[in-house]
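Next up, some structures in structure tokens.
The following pair of complexes shares a single chain, subunit A, combined with subunit B in the former and subunit C in the latter.
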Partner chain A sequence: MKAYLGIDVGSLTVKFVLIDKKGEVLYWNYERTGGRPIEAIQRELKKLKEWIENHNPKIEISGVGTTGSARYLAGVIVGADLIKNEITAHAKGASFLVPEVRTVIDIGGQDSKIIILENGVAVDFAMNYLCAAGTGSFLDAQAFRLGIPIEKFGELVLKSKKPTTIASRCTVFCESDMIHKQQIGHKVEDIVAGLCEGLVRNYLSNVAKGKKILSPILFVGGVSENVGMRWAFEKALGQKVIVPKYNKVMGAFGVALLVKEHPPQKTKFRGFEISDMDIKCDSFQCKGCPNQCEVIEAKMNDKIIARWGDRCGRWSNLRYD
Partner chain B sequence: MKIGIPKSLVYWKRPYFWENFFENLGFEVLLSPRTNKEIVEIGVKISDPETCFSCKVYFGHLKWLEGKCDLIFVPRLKRKGNSEYCPKFFGLPDLAKILVKTKILTETFDEKKERFEESLVKLGEKLGKNKEEIKEAFEKALIKEKEIKAKQEKETLEKINSNSKKIILISHPYNLYDEYVNLRIKERLERLGVVPIFIEEIPNSKSQIPNKFQIQNSNLPSFHWEFAKEIMEKIDFILAKKIDGAIEISSFACGCDAVLKEFVEKKFKEKNIPFLYLVIDEHTGEAGFQTRLEAFIDTIS
Partner chain C sequence: MKITFPYWGNYTVAFELLAKKLNLEVVPPEKTTPRTIEKGVKIAPEMYCFPLKVNLGNFLEAIEKGADTIVMPTALGGSCRLRYYAFVQDKVLKENGKNVNFVIFDQSLDIFSKLKKISGASFFKMIEATIFTLKALNIIEKLEKKAQYLRPREIEKGDTDRVLISAFRRMREIEKFSELLKFEKEIMKELNQIKIKRKKVPRVGILGEIYTVCDHVVNFEIEKKLGNLGVEVHREMSLLYHLKKKIFFKDFFIQRKIKPYLGSTVGGHGRDAIYEMLKYVKKGFDGVIQLLPSFCMPETSVRPILEKIHQETGIPFLSLSLDEQVAEAGIDTRIEAFVDVVKNYYQKKQKT
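And then the complex of A and B:
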């Protein structure tokens, strides 16, 4: 049975989605990388292999796509047939589930983006730049500081009756403002609710600036798990915000769909054996010119499989097979 | 005598002219190399953190030239007709004098008060040349510049009229031509299968702009800055042609672009042409840059 694998390696998490030839999800998983993306990919591959053995040993990986900020690294390691940017991948996944979707709000670990769609195709988008305010990493840090498990964060927000205003221009000031609000005696739930509202305000005025937000609106990415953020978006937009199925793995789902649409004749997938191989990434400074690029070198069992990061192509254009 | 020219900022507005002019006068010209990591690092280190990225790069070039030549040429560009150059350009020679020990050669070009040739004569006289010599050097340099420009514009028009997917790149010449600064955007776009066209290479003689497109200017303010005015005029020309997308590149903290961007975006959005805005500075990550370009090309195809 033919199946297609989508892998999304972001700043904090790794997402795996396996689909069949109809686009039905057979398997999905979402895990933190713990700052070690290669090991995380290897671990997730092992889990997938076990799942296949236990559930449907007839499954055969016929194509692999990677996306996310570490899509090149992931693509090199697993042997991807398609390496696609996360905007296109998210647009694909979202429009497959909700064909009439017009807006996708995606907030991940360190990225936040808005995608505007027409007839199932992305026509405009924006990503955060200069600032990661309002992304998952910041929410994580604040939840930790307040001693609230991130999973309980949203529930607490919904308890709030009088959300307090939190400055949202910059995460540093945002944090000082939260501390100040604690010191003058505001309730924790009002502060976290205010924080969610502040982050949404920041998103709408920075990332979504000048974009027409039309319904249906889909909210995806790790932060969409947070019911508090959902509540704040709906309140600010005055419109329904849909958190679809597979919300946390939408990019991986989308890239799997893209591979399925244009399946390779023979997949470049290196196989599940790579879970047990010794994969290392190293870097060196090229001395070829004053640019002194930091070249990254990926090795599998001591054999160089790829190099990248050079501006001129001196290293990346070499063949390594 | 050796005259150094920083290959940055104002240089890229007339890249062949200045070096030719000085060579025609009989001087040796030393151009700083293309921007590289070292130059940017030096520039960022000695600049005021509030200044724009383009100026920081320029200061890096100045520092590279220091001690390697007898004079460093830093023109003071003020006005062209009624529109002004960026105020940072006014002050460049003064800052240069503070930053480097090598002597700075400068002249003020205020084309509202004085014709360009007259200012050029003053500049040449500072170097001990007479009017005839200066005039001859100027004309020769001008002919060469015109030839190169004509060739560039012809190639650009061919690109515009071709059937391939075309992206117009809107930015100041010092961002368009400096590959280190713009993270090789031209090459990246070509690899993604589209034809990038530099707005700088669009002919800017008013006669080439069809009349009906000039009327559109009426709902726009007249731009105070020379570079901005020129860009807006060229956009009208390009909108009359078939174009698949537009990318505007700004260097971080550019005051002129902060105003310009809104109008540029409006122009393209009105015509339903996909528009992408990119900001570059010394911290720009290649990954995020590439992601945006890839996604943008996906939206137009």
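And then the complex of A and C:
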């Protein structure tokens, strides 16, 4: 049975989605990388292998796609047939699930994006610049500071009756404003509700600036799990915000669909053995020209499999087999 | 006296040739690297626009190699903070203990007397050098234009850039006008020999601040990246375009064309950006990218207008603000996603 694997390695998490040739999801998983993407990929591959052995040993991986900010690294390690940016991947996944979708709001660990679609294809997009307010990392940090498990964060927001206003221009000021509010006696749930509202306000004025937000609106990415943020978006937009199935793994799902659309003759997938191999990355400075690029080299069992990071192609264009 | 000047993409070669032609002792600026930028940022005022910081980095590296006089143009016909660049840079360098002379070319027409003072060249010699430099600039822009056409179509990826890199290296050694003409012929022949597949490809127009769009280091080689992703790049803005515009008072006509969007100048090349975008739309391009350095006032002012044109016409539009804090990976993601959007737009247009 043919199956296609999509891997999305983001700043904080790694997502795996396995689909069949109809686009049905067979398996998905979402785990934190803990800052070690390579180990996380190996670990997840092992889990996937066990799942396949236990459920349907006939499954054969006939194509692999990677996306996310570590897409090149992940692509080199697993041997990807397609390396695609996360915006196109999200657009693909969202329009597959909801074909009439017009707006996709994607908030992940470090990035927040808006994608505008027409007839199922992306026609416009925007990404946050120089500012991580409203992304998963910041919410994580605040939940940790307040001692609230991130999973409970959303429920707490919904309890609030009178959300307080939190300055949201920048995470640093946002945090000091939150502390100020707590010191003058506001309730925790009002503060976190205010935080969600502030982050949505920041998103709409920074990332979605000047874009026409039309319904249906899909909300995906790790932060879409947070019911507080969903509530704040619906309140600010005055429209229904849909959180589809596989909202957390939409990028991986999208890239798997993209691979399926143009399946390779023979997949470049290195096989599940790589989860037991010794994979190391190292970097050195090329002295070839004044650019002095930092070249990164990936080694698998002490054999160099790829180099990248150079501008001229002196290292990356060499053949490594 | 050893002169130096800021690094500015491939134009650096032409400026170097000009200095040599005038028999000046010259320390050509090293290619800008992340370390150059780091050095400049360290001493530059923080809220100043990005090019000033890059220039300072170039100067510091040249001073290390013995340069003692800096030639700096400030607004040859533009009007933005570039006017104060040389004065700010002079002050910053002096504060950091680098005692260098500045030769400042500004809007007044005493370029020739200033050049005469530092080079001692005769009037005839200077005319000759000017013509020589203009031809060199012309060749540089021709090569860049040709490369924009070739990159998306070449069969062996990277061929065009290999030819260009060696071409600009050879160009630095040229001394005579006749050699320049011969060089042009040879390089054009070499470029024409590159194996390409003739086909229609999506076209993207680049507009924005002149330094950023022309300097391939600061803009992370955006033309090369787009070309390798299969997109033909067009760029109206260039040094010769700017000079021609000044000579023929083109601003007057540009203003008339953009009247519905902007009633007066906002400095720099703000009006040109709108004019170019309207032109790209009219010519049926498949996308527009605006490049601007952070804190660039003219381009920041016109960005909402460009966004509006994008909303009205539906042409894909991407605005990239560049400075030392921007990571190349983030730029790459945006460019790749933008190219996908451009290709969707292009295919939709082909069908109808």
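The rule is short, and it goes like this: the second predicted complex is superposed on the first by the 321 of 321 C-alpha atoms of A that agree within 3 Å, B and C clash if a C-alpha of one lies under 4 Å from a C-alpha of the other, contacts with A are read in each partner's own complex, and residues count from 1 in each chain.
Here is the rule we go by: contacts are C-beta pairs under 8 Å (C-beta built on N, C-alpha and C of every residue); 3 or more make two chains touch, one makes a residue touch a chain.
Please read all numbers here as calculations on a predicted model, not as lab measurements.
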Using the superposition on subunit A, tell me whether subunit B and subunit C clash or fit. clash
Tell me which partner A:A122 touches in the superposition: subunit B (first), subunit C (second), both or neither. both
In the superposed arrangement, does A:N317 touch subunit B (first), subunit C (second), both or neither? second
Is A:Q285 touching the first partner subunit B, the second partner subunit C, both, or neither of them? neither
A:K212 in the overlay: touching subunit B, subunit C, both, or neither? Say first, second, both or neither. second
Given the touch rule stated above, what does A:T165 touch, subunit B (first), subunit C (second), both, or neither? neither
Once chain A of both complexes is superposed, is A:S176 in touch with subunit B (first), subunit C (second), both, or neither? neither
For subunit C, which of the listed stretches 76-84, 166-174 or 184-192 runs into subunit B? 76-84
Going by the contact definition given at the top, which residues of subunit A touch subunit B in one complex and subunit C in the other? 69, 84-88, 121-125, 127, 129-130, 210, 289-292, 311
Spell out the part of subunit C that touches subunit A in their complex, as residue ranges. 30-31, 33, 35, 158, 165, 221, 304, 307-308, 310-311, 314, 316-317, 321, 325-326, 329-330, 333-334, 336-338, 340-341, 344-345, 348
Residue positions on subunit A within touch of subunit B in the complex are 69, 84-88, 121-125, 127, 129-130, 210, 289-293, 311
Quick check on the complex: what are the subunit B residues that touch subunit A? 33, 36-39, 180, 184, 252, 265, 274-275, 279, 287-288, 290-292, 294-296, 298-299
In the complex, subunit A touches subunit C at residues 69, 84-88, 121-125, 127, 129-130, 210, 212, 289-292, 311-313, 317
